[in-house]
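Per-chain numbering from 1; labels A, B, C, D and E assigned in written order.
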Amino acid sequence: MPLIIFIIKRFFRLILTVLLVSTIIFFVIRVIPGDPAAVIAGIDATQADVAAIRAQLGTDKPISVQYIHWLRSVALFDFGNSMITGEPVTKQILKRFPITLTLATLGILMGMLIAIPLGVISAVKRWSPVDYFGMLLSQIGMAVPSFWLGIILLLLFAVKIHIFPLFGSGGIKYYILPSLSLGLARAAVILRLTRASMVEELSKEYIITARAKGLTERLVKYKHALKNALIPVITVSGIQFGYMLGGAIIIEQVFSLPGLGRLFLTGIYQRDFTLIQGGVVFIAFVFSLINFLVDILYSVLNPKIRVG
Amino acid sequence: MKRILQQIIIVVLILLLPAGVLLAKGQKEERALQFALPGNPDTLDPQKTSGTLTFQVLKSIYDTLVEPDQTGKIVPALAEKWSVSTDSLTWKFTLRKGVVFHNGDKLTSRDVKATFNRIRSKKTASPKAKEFGAIKEIDTPDDYTVVFKLKEPSAPFLAALASGWGAILPESLIDSGHNFASEPVGTGPYSLSKWVRDSKIVLKKNPNYWMKGLPAIDTVVLDIIPERSVVVQGIISGQIDIAYRVDKDDLPTLKANPDVKIEKSLSSLILVMAMNSSRPPLNDLRVRQAINYAIDKQKVLDIAYGGGKVIGTFLDYSNAYYKDFTNLYPYDPEKARELIKEAGVTKDTVLQLVLPQNYELHVKAGVMYQEMLTKVGLNVKIKLVDWSTWISEVYRQSKFDLTVIGHTGKLDPDGTLAGYGGMKRYVKWNNPECLSLINKARVTTGFEARKKLYDRALEIMAKQVPFMYLGTNYVYNAIRKDVTGFRMTPKLDTLDFRWTEFK
Amino acid sequence: MSKSVDSALEVKNLTKVFHGHSFFRGKQETSAAGKKETGDGDFTAVDRVSFTVKHNTIFGLVGESGCGKTTLARSILFLDPPTSGDVIIDGTNLKNLTHRNLRLFRKRMQIIFQDPNSALNPKLSIKRSLEEGLRNQKYSSGKITGRIDRLLDLVGIPVSCKNKYPHEFSGGQKQRMVIARALSLEPEFLVLDEPVSNLDVSIQAQIINLLMDLKKQFSLTYLFISHDLNLVSYLSDEVAVMYRGRIVEQGPVLAIMENPLHPYTKKLLLSIPGNIEKIKNRENAEIFLTGKKPGKDVELFSLTGCSYYNECPVREDFCLKEEPSLRIVGIGHLIACSNDKYLKNQLLYKS
Amino acid sequence: MKRSSVSSRLMLGAVIYLVILGAAAIAAPVISPYSPTDQHLENRFAPPGHKYILGTDNFGRDNFSRMIYGSRSALLVGIVSVSIAVTIGITVGIIAALSTGIIDNILMLLMDSVLSFPTILLAITVVSFLGYGLLQVMTAIGVIFSPVFARLVRAEALSIKTEEYVEASRAMGSPAVKIVFLHIMPNLMGKVVVQASITFALSIVIEASLSYLGLGTQPPTPSWGLMLKDARNYLVQAPWMSIYPGLALAMTVLSFNIIGDTLSEKINPRIVKK
Amino acid sequence: MGEGEILLHIQDLDITFEPGAHAVRFLELDIRKSEIHGLVGESGSGKSVTSTAVIGLLPSPPAKISSGKIIFKGRDLLKLGKEEMRKIRGREIAMVFQEPSKYFNPSMKVGEQIREMLSLHFGMSRKSAVERVLELFNLTGLGKSNFGGGRRILNSYPHELSGGMKQRAMIAMGIACSPSLLIADEPTTALDVTLQMQILDLIHDLQNRLKMSILFISHDLNVVKHIANRVSVIYAGKIVESAAKGTIFKNPMHPYTKLLLLSIPDPEKRGTPLKTIPGTVPDAESIPSGCAFHTRCPYVRKICEKEIPALKEYENGHTTACHFAGETE
């Protein structure tokens, strides 16, 4: 199938996913208890005050009218203004996104840097001390909740040894510890996969061919097996990256980073309808886009799948 | 394999290098005050919110015509002086001369008029509009005189002017539809320099501030840190100068550090467990009384809220109108049990205790209440909800049996008491006598006259117990030893950095 | 034997087209070379195939991998119904059966697959595998047990093994069980899809003998599919040769063995190691084995005429004009080739 | 052989640990010295000692008793959310695999949509929708993980569908339902079980994370996640509040992962063989 | 013994796998210079284990060579160090495998996979190595225009080639360093009959030109008959009969060989049941005592159950391991 058709189809699918996700969220947030007008009004306001605010937000209209209105504006790439802060949703998201993006990028890089070499060595030297160490690390990474890891890292490297800042945002130094605690949990997954994938590749027939050709063990393992073993690792890392973009809330909270996750969390707590809707569309879109790119990357890495 | 390891090390080093460079670059700027704020203000428009955090921050950016001093007494601010007509319907304010807004505009009476017209306008949809509902019209006889004409006498009027929502905005920007939410412009001691949501708010000194020589510190940074343990570590390590309202459980840790001092003060909160008096079995006075007997108030105050003064009615402990009724319902679980038996409440009746999950202290208290109520034979189930659910379901629609909350103190008792005794309030407690007393007190002037009315109303509330009155808690501010002069405005609990300085 | 119809199986113009990609999901694998692409990713795996199998005979179907023989087998049994054409088994046109009746009809036709390792559900004991069909036909429990014992006995598996699981048996034994399962419903017609190609040489002979015994014992009709022309010739009464979804030659086994006419049949026959020595002297074998007439090859997707054109040693330009249809060249001997001159030569040479 | 003995010993250890944990969860009222919600307000922050084996928390509740009761929530979260995920996953996966075209596409689109919500965000949304509480959290986690199973089951079912024994079954006239339950389900359960054991571990960690955000178990019900959440503020003051539940959580997750790993090696004989 | 110098001499080779599987039992095999030696056996008979042992790639554990010698050009391969053995692999002894689609690295271009071994063994520059690869392609028929020319193959990934082309490329890889011994492990089993013939012819042709020895492993007697000069039959890890092709097919001595030949379906014998060997091929875990074939042998006698028959030479170059070789008919 020509690449362009593949891309168009995938893109259409992506749009469908986003539309479905945003429609679900649109109705869900209006059905669940909680009302942005009541949040704005606060404790001492009267019912009339709340009604006035509701009218101003437009949440007094029938839900179908609201939905059609929203769809129309989304079609024009306008996510509206936040109900609570009044700022344009798009602007808010775009302001936050680079932070989460940096966090996720560094996180996945650190995860891969830790996991891939360790996973490869574990696979090559199975049941050796390195392997056990790798297993231990990955199990700990999976078992320790990230907020816990984050606090421990802060206590160690921002309080006991003062090399990283305790809070705040700005330069890269603010991202090292959060990325590390984000990356460690992911490293666990990637390490297990790398090891399994490498073990599997090493058991394949072409490895016998490579050895029968008289290649050195290093060439066999690191030239022949490694490349093939990394194909699934890289695709899974890509998907993990997608998760990190939306799943960094807890890390952002612990490290006081003004990322997308916290924006979204506040949005949900305050029932900021427009913000949640915009945020979900954005995150679903980015996530699907990453999946899509990962698919393309996969076909590039794996000549067998290459479309054409 | 060795080579691979080497490569890994190199890559790691390359990755960490920029971090190292940044770390090495020592910043030698003038010291800014670092203040830990637990959350983000939603907006910085004083007329479009009811958020406590917003008003706390806005105190530094805006001024009001009058303001409370450290004792809670209302004193001149942007208004040099004021006078009231004998019928209490005409209020005349004389503005201070030479006050300028951050944008350079001079403060005149037109600004004041525009400000209050904006908040009263339907278009603004301000949740605080009703605070100024008594105003009939505003006159500006000259640039420095403002005259408010009221529909009826209003005792709380001055308090409204002194509150955060009484902040004065420049007329020119109001007319142009300026976005005050993210770019506030006021006459306050500081102007907003930078606001990174969920990260920090940077305030720069206003060099033209009308109080000569104030503020003392050039830059105040409000660091938004949601994680409590980070705040504690921050103040210990000196990365934070002031942390307000630290948890009492953290005090031992903080006190162990010689560079930190703890300032303890009584808040103006009215901590209660509200009861829905319209729902059985809580519509039975005996059950409500039992609940009041069942709670060891001092213990809950100490453990959940960090200590404080027990109250016996619906007003904060230090309020001038406060009257002590604590002897009415002492801690007496035996009596509670009897009353419950008498009222015929069994374990089959489930009482739902709704807690706002974002308020850790209320959740803590709720957990203790549940345990204590269980001990006297009530079946209480906890339900956590987020704030928006609490406010729209519990507060607006009274869908609850029991809930825990703290009512912020008000400059005027009417702000706290208005409406109670009528069914419109969330506790659904019906007592026409109490309601009429409160309504009468609003239009009555003179402290003694009002106090008499309020005494009676508070007594009814204390006896009829639509709430389990807990108390007013202490708050603890942790401050680095070299920082002095940090104030919190009484009743309003806003942050006042004007006198704050480094020693 | 009182059968109402003469033929056990009649296949008429059977065609099976596979559709490429659906709208949402792209087809990931590239279609193997050598299939007929008909635009937009569809390809015709079986193209207007017709033949008749008489009662109590073996019809052999030979072809190389990818020629469509397995697809044909599945289509005949309506496991994957044909795109067009008819399958008539003992007078019943499968196309006309309702979904339910087709299921009931299935007991009369069974299939035995190539790989005994995948033909038995590893999670079921032998007994459970064998009773599945019987339960479908609502046999009583007592009857089922008796029948299973007899079936196992029939194929030479000790009855005591019936509670064991497939992995406890060797390939040959598994294939015996598969045969037993196929026979459990007393079918009249069996499709054997390469039933012995995965077996060791010494086992292969055992299974073939068993199949021949069973055929005799139960008067079965076989459609025997294989890539091994020797095997097919040894077993069958009639043989058809398939190339790229079409039958190119068909006839009584002796006619095919003694007098193969289509160049592809010749190539197949000569390709069997050992045959070339036997046949070499008879004719100019080399040409048909490796030879290819000079000339320009045609890209597969634009090939309109004879699909063997690119490999044919006797091709002519007119072969590209239209697809040759099967025509009679002897008693029951059909061939799809347009080169009359060549055919005449071949027939002359023989006689 | 060395490695098999090591991995089987690990497996044995994991199973023993989980059996003990399960027994403790069932027999919690018998084992626990105190009620898990009883507040000994005079003994707040008591360090581990002979009165309170593992110390007390900020309300003076017995840490040990809370941990024992907490294992109930942990196991319950695992069991219920995995069951939900497996049920949805198998149903959707098999229907998608057996139906072609539009239904398959719609179902997988739906699953993709669930996947495109980041885990925690989806959990928050579901919990906000259903309300706070353990049951709701379990449902949320179940929904979150269902696409993983749906995809796995669909892929497996698609490949099993082409196995010759399924063809043979169809050839014998077995109805679709029978084929699903007799042939397809039993043969894909192996992989489902492996995935389930990993998901089990993950769901316990996610419950802890949700508790951190205040969305998890409702107080005063003890859960390890909730205990860790409360404990983080008393790291220095009362380290026992975090160490023990943290350890229990890690051990449980570890055990399920070990079981998952061992099972997957068993199922993938290619890796074991060489 | 027959004519020709011996290139590879396997003596008493005994290989066990860990859970008590006796895969190869005191195997003896000679491969002469410039001969195609066919090794025939059913699955699990130990033929692949033997060849893997020769090239030194038996995974250990689980495999264990408990005794024996593999003498190649005067050196015992079993005594060589890992590095020495590696230098022999591909250079002196090369291997061609059954399924080219699995035995090529899927993510590396075919040309590169051949080139890298040339560079490694001969230190050839990239350019001259590529030249050599093209030469090899011409040699194996891949240079022909109908395959798109050698350069196209050079830059193709394995999956882009058809089965026949892949097997040709595999053979090109096998002969890349002009080894003295090429082990071909069922090189045509995965191919269609018409392709099989082409590949067999190619191997034959290459042997003629390059004069290397080929150990041709197959389960198919017809294929071996077509290509080999000498044939050895292996049963349950032991050579039971070995002779020149002409001899063994005309005059098989071991009952197993005899029955095997008879069990092949022949169209000329239509209508008569096939001769069969009863029972099944024994597992390596449970090899019968004495002569391993005695459980299936129609000529079995008492001694067969107890004593393992030795491989004895009966005629010139015709050896067999049967107690009654030459007696039964």
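Operating definition for what follows: contacts are C-beta pairs under 8 Å (C-beta built on N, C-alpha and C of every residue); 3 or more make two chains touch, one makes a residue touch a chain.
Just so it is clear, the model here is predicted, and its values are computed rather than measured.
Colleague: Among the remaining chains, which ones contact both chain D and chain E?
Modeller: Where chain D and chain E share a partner, that partner set is A, C.
Colleague: For the chain pair with the highest number of C-beta contact pairs, give its two chain identifiers.
Modeller: A-B
Colleague: In angstrom, rounded to a whole number, how far apart do the mean CA points of chain A and chain C lie?
Modeller: Taking the average C-alpha coordinate of chain A and of chain C, the gap between them is 52 Å.
Colleague: What is the distance in Å between the mean C-alpha positions of chain B and chain C?
Modeller: The answer is 86 Å.
Colleague: With chain centres defined as C-alpha means, what is the inter-centre distance between chain B and chain D in Å?
Modeller: The answer is 42 Å.
Colleague: How many angstrom lie between the centres of chain A and chain D, each centre taken as the mean Cα position?
Modeller: The separation of the two C-alpha centroids amounts to 21 Å.
Colleague: Among the residues of chain A, pick out those that touch two or more other chains and give their numbers.
Modeller: In chain A, residues 13, 32, 34, 151, 155, 253, 268 touch at least two other chains, as defined above.
Colleague: Which chain D residues touch at least two other chains?
Modeller: Within chain D, residues 109, 128, 232, 235, 274 contact more than one other chain.
Colleague: Going by the touch rule set out above, which residues of chain C reach two or more other chains?
Modeller: Correct list: 23-24.
Colleague: Using the touch rule from the top, collect the residues of chain A that touch chain E in their complex.
Modeller: The touching residues are 204-206, 208-216, 219, 223-224, 227-228, 231, 301-304.
Colleague: Residue numbers of chain E touching chain C in their complex, please.
Modeller: The touching residues are 42-43, 146, 162, 192-194, 196-198, 200-201, 219-223, 225-227, 259-260, 263-267, 269-270, 273-278, 280-281, 296.
Colleague: Given the complex with chain D, which residues does chain A contribute to the contact?
Modeller: Result: residues 13, 16-18, 20-21, 24-25, 28-29, 31-32, 34, 126-127, 139-140, 142-148, 151, 155, 192, 196, 199-200, 202-203, 242-243, 245-247, 249-250, 253, 261, 264-265, 268, 280, 283-284, 287-288, 291 of chain A touch chain D.
Colleague: In the complex of these two chains, what residues of chain C are touching chain D?
Modeller: My answer: residues 22-25, 74, 77, 79, 102-107, 109-111, 113-115, 118-124, 129, 132-133, 136-137, 178, 181-182, 184-185.
Colleague: Report the residues of chain B in contact with chain A in the complex, numbered from low to high.
Modeller: 1, 4-5, 8, 11-12, 15-16, 18-19, 22-23, 40, 42-43, 45, 48-51, 122-123, 125-130, 179, 181-182, 196-200, 223-227, 229-230, 233-234, 236-237, 239, 358, 385-389, 391-393, 395-396, 407-408, 415, 424
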